[in-house]
Each structure stands twice: as structure tokens, then as C-alpha cells.
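To start, the structure itself, in C-alpha cells.
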Amino acid sequence: MIIVMSPGASQPAIDRVVGEIERMGCAPHLSQGKFRTVIGAMGEETNVDVSHLASLDGVEKVVPIMKPYKLASREFHEDDSVVEIGGKSTPAVKVGGPHAMCIAGPCAVENEEMLNKIARHVRDGGATVLRGGAFKPRTSPYSFQGHGETALKWMRACGDELGMPICTEVMDTRQVELIERYTDSFQIGARNMQNFDLLREVGKTRKPVVLKRGLAATVKDWLLSAEYVLSQGNRGVILCERGIKTFEDSIRYTMDISSVPVVRNWSHLPIIVDPSHAAGKRDYVSALALAGMAAGAHGIIVEVHYNPAEAQCDGPQALLPEMFKELMVQLRIIASVHKREFAEAGEAVNA
Amino acid sequence: MIIVMSPGASQPAIDRVVGEIERMGCAPHLSQGKFRTVIGAMGEETNVDVSHLASLDGVEKVVPIMKPYKLASREFHEDDSVVEIGGKSTPAVKVGGPHAMCIAGPCAVENEEMLNKIARHVRDGGATVLRGGAFKPRTSPYSFQGHGETALKWMRACGDELGMPICTEVMDTRQVELIERYTDSFQIGARNMQNFDLLREVGKTRKPVVLKRGLAATVKDWLLSAEYVLSQGNRGVILCERGIKTFEDSIRYTMDISSVPVVRNWSHLPIIVDPSHAAGKRDYVSALALAGMAAGAHGIIVEVHYNPAEAQCDGPQALLPEMFKELMVQLRIIASVHKREFAEAGEAVNA
Amino acid sequence: MIIVMSPGASQPAIDRVVGEIERMGCAPHLSQGKFRTVIGAMGEETNVDVSHLASLDGVEKVVPIMKPYKLASREFHEDDSVVEIGGKSTPAVKVGGPHAMCIAGPCAVENEEMLNKIARHVRDGGATVLRGGAFKPRTSPYSFQGHGETALKWMRACGDELGMPICTEVMDTRQVELIERYTDSFQIGARNMQNFDLLREVGKTRKPVVLKRGLAATVKDWLLSAEYVLSQGNRGVILCERGIKTFEDSIRYTMDISSVPVVRNWSHLPIIVDPSHAAGKRDYVSALALAGMAAGAHGIIVEVHYNPAEAQCDGPQALLPEMFKELMVQLRIIASVHKREFAEAGEAVNA
Amino acid sequence: MIIVMSPGASQPAIDRVVGEIERMGCAPHLSQGKFRTVIGAMGEETNVDVSHLASLDGVEKVVPIMKPYKLASREFHEDDSVVEIGGKSTPAVKVGGPHAMCIAGPCAVENEEMLNKIARHVRDGGATVLRGGAFKPRTSPYSFQGHGETALKWMRACGDELGMPICTEVMDTRQVELIERYTDSFQIGARNMQNFDLLREVGKTRKPVVLKRGLAATVKDWLLSAEYVLSQGNRGVILCERGIKTFEDSIRYTMDISSVPVVRNWSHLPIIVDPSHAAGKRDYVSALALAGMAAGAHGIIVEVHYNPAEAQCDGPQALLPEMFKELMVQLRIIASVHKREFAEAGEAVNA
């Protein structure tokens, strides 16, 4: 950590900072320039309260050097982590390292028949995990909010029948226990990325967590949220880039494609992309999915519907089954550039 | 609502859209241009699913005309709403309309003594509501997380003694019942602005809610979140601008000062500003507080500490008591420009 | 265009708007709702002054439906445009449609020897156009500003020798004539994307223009800038996505990957990506280049240096020659997904 | 400057960095931590090429400590600068320090009569400098582009008659000489903030420059652009905040109110705000103007029109004369909070 003192900082102010650094167990290094003094603090930065140092008299700013997260960092775990979804009543699906994969399904689970129909479509296309919303976060209180436990039951039955582990969103600490009973993996939505109580609760389970990036979250914020889950003992975090809020209005959210190589550099955790929510519009979904894999992602999570006009939510962004199939063919070529392979549906079943 | 068809949209596609508009109880108006057809749908837009129409074949985009919120809108309630905080064991404090006011206190409640000391400072300066964090949302799982119920007890006792109603943050649906027992008003933090279950829970109580704007939320999103609370029957929503995420890095968040006149135009709800979290640095807090009142806000919420270097969180942004007093003098002058008045501490006690 | 009247707009105000729409040669369509009147104006929107209508009494907002640009739009020119760079003293290189291509070279031209050396490296890797800066835009007045005409001469000689047309940045209207004498194509930098006089001047030449997207420009703004060039009779515009300004600070600029499919949808103009300026850091350049091609771009422009530590500008983002070669191998695979082909250096020479 | 080495950086890599720092005339300070080495470089940072150091092997990142601008910095010039506009054929108007002031007039100068009429309105309200566009930057090539030299003549005559110095925009290096002949001060628009050749040309004149902040420019970028002007010997730079590009779409640009105290802290240059271009809508202009002065700005620049519906550009944002007068009354109260005073029109004439 580097503490930059104001141009006019007094000697007692400098001494106080040096004292605090020592009290925190770090070694201070002073550099006295013509205009100002700069103090380096070497040691375990995660024990240090940046905010406290920044509050001291005469301190202009504090520049952290080390990453504020530990368990999520590449330094902590040099090799890529491989997370497994499922493996109990379905085959296990591997995410991370040399494994490419696809999670697909409807936005919301509207009824059992449509779920089964879409699930078959996506399995045939090459998806190995089934997604679907039972509890839906909606910006308007007047929109459809999901079928809850009933939808969870349909998903469990459908996943078991087709040999696909399932993934569904959890929005409230009070739902964790219920959803855990049915699902193979949790999804934390963008708007809950800094719902710290919820992160802690899913961190206490042992089911993988697909952690979507918040709309205003830096990569550092995102990895700190992953750290919340990891710090409770759950090592199954899968990061998911789904677009950030920018001034551009030609598309719903701006997919931050650079977050893929940045996460790959800073962290060992697997990262996938969600082109559906970023695009908000069917026509742009495939381009973003291809870009995500080309940038080095381990997979995608995508929404598919055979009749989007009947979808109760986010119909405009759902891929049609034939578009999905074509996309999967292209994704396999792109994954090969990074020497990643998609498991065959068949392989998955027997794995 | 306006439905813009693609240049090549077929007649059956146009007919289908017209049919759907009628099915929703709206009246369709066709305009056939040289390149494309545009369809207006007049009627109650809140009943209409934009997403559904946008999913139909041949639809290029759907442009909503009416606001997606009702109860929060100026159309629904023409006059400024005035929300009252407290009034049971303390005097009631009015927020909105011609009333200017200030909520002040420490970031986190660290111990009873410091709370009492800071509370006296802010009351003497002219604050009429006492703030303080019992449960703290922290981006890092390794930071101090608050003293919980103990801190709530200290706040209740301190507020009652000084005649100041209190305000504290709620982060989890499971805390609502506990916090409601102690507090006069809830605060929903920026990161929970779209925690819809939490909004619903505080909406079921009858205590006012200070709803901070999310870091990536448009004013429209924010009013939709207010609508969640209002739709449960709780009419005591106070909006709080606290800065948004932008590319500017000279300050922690960019206070969107224009949100103040926009909210005043679109909604009847009171709006206050939080200069402390926007600035992140003591030296800039007063300028932002003054700007907020000048732009038309009904008040401010601000952090004060007599010894910021000892604060367990956000010390660098806490105003010193003397800075706070000077600020309040300036705020009174600025409030007068908008014909708003701060209640005297004395007045408040006897109100 | 849709004109939304305020809730309380008077009949004379409505009549005035209708009159103005007719005066502009458009046909007005009124829709009278419960709360407000909405007026559609069908016709040639490019003749209409949105700002004028928005100024009229009782108008709440004006929503344009048609694109504000013409010559740049897909409606104006349905098929992909193919732009040719060079063809006089060098082979012509095709950009757009089924042609994939790469522009590469140093950031600034520092001396003749390094230029020749880098040019050979990039030609061997598969680049067909040579880039290099003679006049450099620098955020600090104290940084190296380029070698001017001398550098142009070196570039011309080098391009001619290797059979590579050249591309160099123009920053000032007064430089257009000089640079035109040497170069095969102009580059307009991000900071000059809305330097309208400069756009007009290069529009008067008949050399292709690589138009970088401004850091705060929407895709619509960008196409309007292309329109400035096109409207002067120069049809050789190549759009170049190079990242936008967002809150994310892990990388220099956020490459807006979605602009690629959006531009492909809205316009017939070729689009390439510049991963070097977006990334600002060598390690992330290849991932962004691959993502750009996967999203559907027609090519890339990339900086290469054999000894980045000696580069006079932007050394940290220059690819080493071996990294560049490996990238080109990967790009060929990805281009094949979109049925695009890179011309061989040999082909280009004999084309 | 702080150079952070990668975790695995070799000893020769560290030695190389140390050598380079010494070669630049700075003193290196090494701090060897458990995971990595951090090197401080004390000395004149403006001579140092950050980019070069960042290119060296084993360097993870370079953190500059000192400001990259000199002449614009508060360290260089401790007291507030006061810039004078006019003083030849009109009274001189002071900007900065204890002086509050207002520049007002139409967006574009449409004809002589309207200019004279508006000028009288704004002078009567309390404006002391007259603004008006002779050359207009327009995002569309099909919009009105200004009356050029004719408009400059009208402005000169009008300003001289009313005793108001004038301010007009320059967009192209080729216009500097012409405009200088007529005007008392230049305006550089947001889109030209990094048109470095233009900055240099106006820097060579001795007329003050109102430098608007770019839509994607940080405060640091902005001060670097000021440095371009200052470095040519022109000390009359007046900074002007006019809003930045963010995701918020309820208003045209987000006025970054915090830039006012930040600039006041980092620089001695005067700063004014432009509420008209930020708001884009008459109803929000006054709130932003008041906020700007409350935050500590030295003045405002605002557009006024007695018949906005006839304005050839930006009519919706023009204040009506009576709104302007009321605003000036409120601004005087707010300026008094910061002990700033507006000169009376009369005072100005006799000054």
C-alpha cells in the first residue's frame, strides 16, 4: 500500500502514519520528495484498513497495491479451478479449465410442458445444464414474479429425466433452504451481486453458485463478492459476465468483453458469459456469445424459447431452437482456438 | 406506447400486433410511412407487457410513452408528499414540501459513548433525525459488519433522550421485524435498491423508508423501486440521491445533481441527498450538500464524527462537528431560496 | 417521429404542433388518450428539426423513429460496402463484405529502421495494410508529438517496397493536404470523431477514412460522423471500434463488442476493431481481437513492436511479433465461422 | 511514481527498472514484500514517461503520484487566478477568486435583431459577457451550421454598444485568426477539448479561453487540456463544466457537480458551469445553475431566447428572459454563501 501525504503534511502527521503502519504489522518505507512525502507499507494488505489510514491528518490518498480478495485470486490458487454442477441424480458437468459448456433454457418456467419442450431442444443442441426461473426479479411490482416451488419441482423432474443438472436463481435469504432442496446450482442475479447476506447464505451450502456481475460492479467488486461465498467454505463459484451499464443505448447492457481476460488473469475461477441479458434482443445474442468464447470464457448461459411471443418474460431476447443449434456449432469451432472442448450430451450422461 | 415495425414487416405481422393491442384493451392507431409502419397504442400502459409486444414478428422496437410507475408519479398525486419520521417516543420530523431537514450521525454505531457524543453534536448543529449503522454492508467479507441489535438499543435510547427519531439500514428480509421494533425509519442502501423481496417487506411495515438510489439505476428504475414499497401500502418513501457510477475517478461516486429536479418533476415524493457517500472524502462533502439543496432537495443525510481516524468505517468522509455546524448555517440560506425552512431542534421537540 | 404532449397541453398547443408537422411536409396522426395526446409525424424525418418541435409549448418530448443518417444506413445501401485501400503504388486491399483483413504497425513512427523492421514482421504475420503515426495526439503537451512529414516519407517508401498500402492519422484540417499526398488512407482518432471541420475535409478527398469511435459516442453519433464524410462524396468510410469510457478501471477503455453487430445491422459500412487502444496492455490485446472478429468485425487494427520498452508511445500495448503471428493464426479460424477470408500477403501483392 | 512489479519479476527486471528511474533523474526506493517488489521513484514526474516504464519486463503497473500537469496546478499557483475578459472596446469582466459572473446569450446568432434583443434582456438580468455562436458544431451534417463572419460582426457591434465583452466558439485551427479579430474570448466546445492543435493555436493568442469539459474527460484530462493552452503562454483559461456522458437518460448530460470542488482543490483556474447544455431542457436549467454556484463555481454560461420555438438550434434549453432574471436573483443569494459577488452591469461598464 502506498500512502501519499499532502504537500504540506507536518512531521507529526507523517510520524502518526508510520506508527499506524507498524501497528498493523507492516513495514513502512519513507520517500521524501521535493513537494511531498510518500510512504510505502509492505505486508499483508488484507489486514489493513485503507479507510482508517485515509482518515488520518495529512493523508492525501491511499493507493492499495495488493488485491483485496484472497481466496478468489490467482495467487492463492495458481491453476484454473474446475467446478462441478450436478453429479447426484444427473451426470456431473465440469466448468472451467479445458472444459467448455453451455447452460440453456427458458427465462421463466411458465408451465411444465413448455419447460420439457425447451429442455429437449437445448439438450439436442448441446447444452448440458438446464436453466429456468422459479422466482423472478422484476423491476416493476406489477410484472409476473414466477411460479416458485412448483416450478422448482418441474425443473427437478425435467433435469433428472434428461440427465441435465439444473440451475435457478435465488433472490432472498429465506429462499435458500427451499431452493437448495431442488437445485444443482444457484444463480445470483446482477442486482443481488452485493446482497451480502444472500452471498453468505449460499456460501454455507455446497452447491455451485453462478455469480452474475452487478451492473455497476468493477471486476474487483465482483471478485470481492465471490470472496464472500468462498469465505464460507463454498468453493464452487462460477463468474458470469452479463453486461454493465454505460451510456450506449443501442443495446440493453454493454457486455464488458475485456472482463473475461481480466478475470482469467486475476482469478482461478471459471467465467462464463450471458449474452441474452446483455443483448436484450435475439438478433444480437449469437454475436455476443461467440465474442465471449473467443475472449476466453469457459461457457455461456443463454435463453431459448420455441415461441418467444408467448414467453411471460424476456421473450425478445430468447433464441429460437434452430438459432441455438447453429450457435453451438460455431461455438465449438471457437472453443477449439483456446483448446477447450464441449462435452457431448451423451458423454455427460455417462460421465 | 408506440410500436415501430421493421422496414419489411408483412401485413399479417402488422395485423397480429394490432390484434394484441386490442386484446390488451388499448386502441391501435396505424401510421403507414414510405419505409415502415408505426402503430400507436393508446390506453393504460401499465397493463401492457412491452416485452411481449417486442417479441412479436416484425416488431423493431417498442417505445413506451407513459411512466411505468403509478403511485410514485406526480400524475397520481399532484402535490408534494410530506412524510413524517418519528412521533411516538420522539417528536415527528416532516420531510418534503416546504420542510427542509437533516439526518446526521456516525456511519457505524461503534459504541454507546461515541454515539451519544456524536448525536449531541449533530443535534446542536441542527439535525433532527439521528442516523447510525447497526448492520453494515461491506464490499469485503473481512471488514467490520456492525454491532446488530446492541447498536439498535443504543440508538433507540439515544434518540429518545435527545428527542430525535432514528434511521438505520436494513439489508436482509430476515432483519425487518427486529429492526422495526427499534427504529423510526428504515434505510435501504444503494446496493439493495433492487432487492425486491426486501422492498416488499419494508413496504408491509408502516415506518418511512429512505430509499437510496442504486449505483447503476436510472431515475425511472429508482421510482419503480419506490413503487414496490408504495404498492404494499407504505406511503412513507423518501428518495435519496447518493451518486452513480461513472468513469470519473477523482471522487468516489458522481452525484447526479440533475436527479433532484427530475424527481421533483416526475414524482410527489420527497428527495434528499447523501453527500458523504458520493464524495467519499470530507473536503468535498459540504460542496455537494450545498449543491443538493440548491438544486431543490428537501434535505440531506450526512455522516459526522468527532474523531474520524478512529471510525470503524468510512472515516475519511465524516464531517467534523465544526464543519457540520458551518454547513448547516449555509444550508439554511440556500433553503430560503426555495422557500424551505429547517425546523429548529427546539421546535422539533415540542412539535 | 412521435410527439408526446404534456398531460395538460391545450388545444391551441396541439394545433400548433399539427401545423408545424404539416409545414415540414409530414402527415400528422393524432391519438388522444385519457391523460395525454400523442402525435405521429410520418414522412422524411431527416428534413425535420426535432429540436424545433421540442421547443413548442406543451410538448413533453419528441421521439425520433427513423435514423438521423441516410447515406450510412443499411436502408440506403442494402448490401455490405467493400472499401478498397491502396491500388496505386501498392496492391489494393479490400475491407468489408466477405473480406477479413488486418492493419498493423507501430504506434508512432520513430525512425526508418524500426518502421521497416516492424513492417516486415507484420507483413510476414499476415497484415496487408501498414499503420504508423506521423502526427500524434497526446493528452499531455509535454509528450512526444511525432515526426510529421519525415515519418510520412518513410511510411510511403516502406509501404511501396513491401506492397502494403498505408494508413496514418490526421488531426488538423491544415494537415489534410499534406497527408493526402503520402497516404493511402486516413485515420480519424477517437478524440476527433466529432471534429466536424476535419470530417468535412477528409470527406472532400477520395482516400478511405478509418473513423474511430469517440470515447463518449453512441453508435448513432458515430454513424452521424460517418455521414459527414459520406455527404462530401467520399464513400470510403471504415468504422473502427476502439473502446468507450465506462466506470471499469481494470483496462484502459471498455471495448463495446456489441457495437459490431449493431453497426452490421444498421449500416452497410465495414467495421474493424482496435484491441490495442482498448486494452492498453499487451496481455489483453489478443483476447479483444479474437472477440471482435467473433462478433462479426471485418478486421482489426493492431500495434506491434519488437522492442516495446523502446517505443516512444504506447509501448505497453504493443504486441510482440511472435504474439502477432499466433494471433493471426487464431483470427483465420474465427473469420471462417463467419465465412470471411484473410487475403494472403502474396495474393494482395498480385491482386 | 510507484512501480509495482509482478509477483514473479526477476532480479534483472528489477535492476532494469531501477536503472531507468535513475536515468530519468529520479531516486528509486525499493520495498521488497513477500509476494512482490514495489519501487518508488521520487522526483520530477512530468519528465517521466509512465508508458515507457510500464513497457518494461516484469512491471505489473505504474501508479503516478504527482499530477501530470504543472501550470494548471494549485501547487504551481497557490492563489485563485482571476481572468479578465474584454477591457478594450468594452469594460473588463473579472472571472475567478471573489468574483461571480454570468455569460449569457443565444445559442446561435440567427440575425442581428434577435441578437440585440436577447443581449438587452440578459444585460438587464445581470449578465456581463455576451455569448453567441457564429460557427456551430452540429452532430448532423444536415443541421444549420451558423452564419460565420457575419455573425461575428453583429456580436462585436452589439457587445460594444451594450458594454459587454463577447465570447464565441472556435472549432477549427483555420478559424482562430478570423475569430480573434472580433472576439474578446474563445470558447472551446466539449467535442474539441482534446483537439490538441486547436488548443495550441488559441494558446498562442492572448484572449481568454472558456474550455468546456469533454463528455468523456476526467478532471485530470481536462486540466491536461488546459495545460496545452497555458503552455503556449496564454494564462487566461476558464474551465467550464457542462455535463458528462453517463447511463442516465432523463436528462441530456449528467452535470458532474463534484468537478467544481475537485477543480477548486487541484487548480487555481476559475471554473464556471453550463447548465443549458447539461440539461437540454429549459425546466431543469435553473436547478443546475443554482447547484453549480452552491458547489463553488465562479459563474455560469447560459442560453436565453425570447422565442425558443423560433431558435435555429437548441431552442428547448433556452431560458425565457423572465426565467433568467429570477435565476440571477437566486444566484446572488447563493454566491453570498461563498462570499462571491456579481458585478452590477453598471459597475462593469465603468470598471
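For clarity, chains are labelled A, B, C and D in written order, and residue numbers in each chain start from 1.
Assume a contact is a pair of C-beta atoms (placed from the backbone, for glycine too) under 8 Å apart; a residue touches a chain by one contact, two chains touch by 3 or more.
The structure presented is a predicted model; accordingly, all values stated were derived computationally and were not measured.
When the partners of chain C are compared with those of chain D, the chains appearing in both lists are A, B.
With chains reduced to the mean position of their C-alpha atoms, the one farthest from chain A is D.
Chain A and chain B have CA centres that are 27 Å apart. Once the centre of each chain is set as its mean CA position, chain A and chain C turn out to be 32 Å apart.
Once the centre of each chain is set as its mean CA position, chain A and chain D turn out to be 40 Å apart.
Among all residues of chain C, those that touch two or more other chains are 216, 244-247, 249. Touching chain D in their complex are the following residues of chain A: 2, 4, 7, 27, 29, 31-36, 38, 40, 42-44, 63, 65-66, 75, 245-247, 249. Residue ranges on chain B touching chain A, taken from their complex, read 46, 49, 51-52, 54-57, 68-69, 137-143, 171-174, 191-192, 194-198, 200, 214-216, 221, 224-225, 227-228, 231, 244-245, 308-309, 311, 313-316, 318. Taken together, the chain B residues at the contact with chain D in this complex read 216, 218-220, 244, 246-251, 254-262, 265-266, 278-279, 283-284, 287-288, 290-296, 330, 333-334, 336-337.
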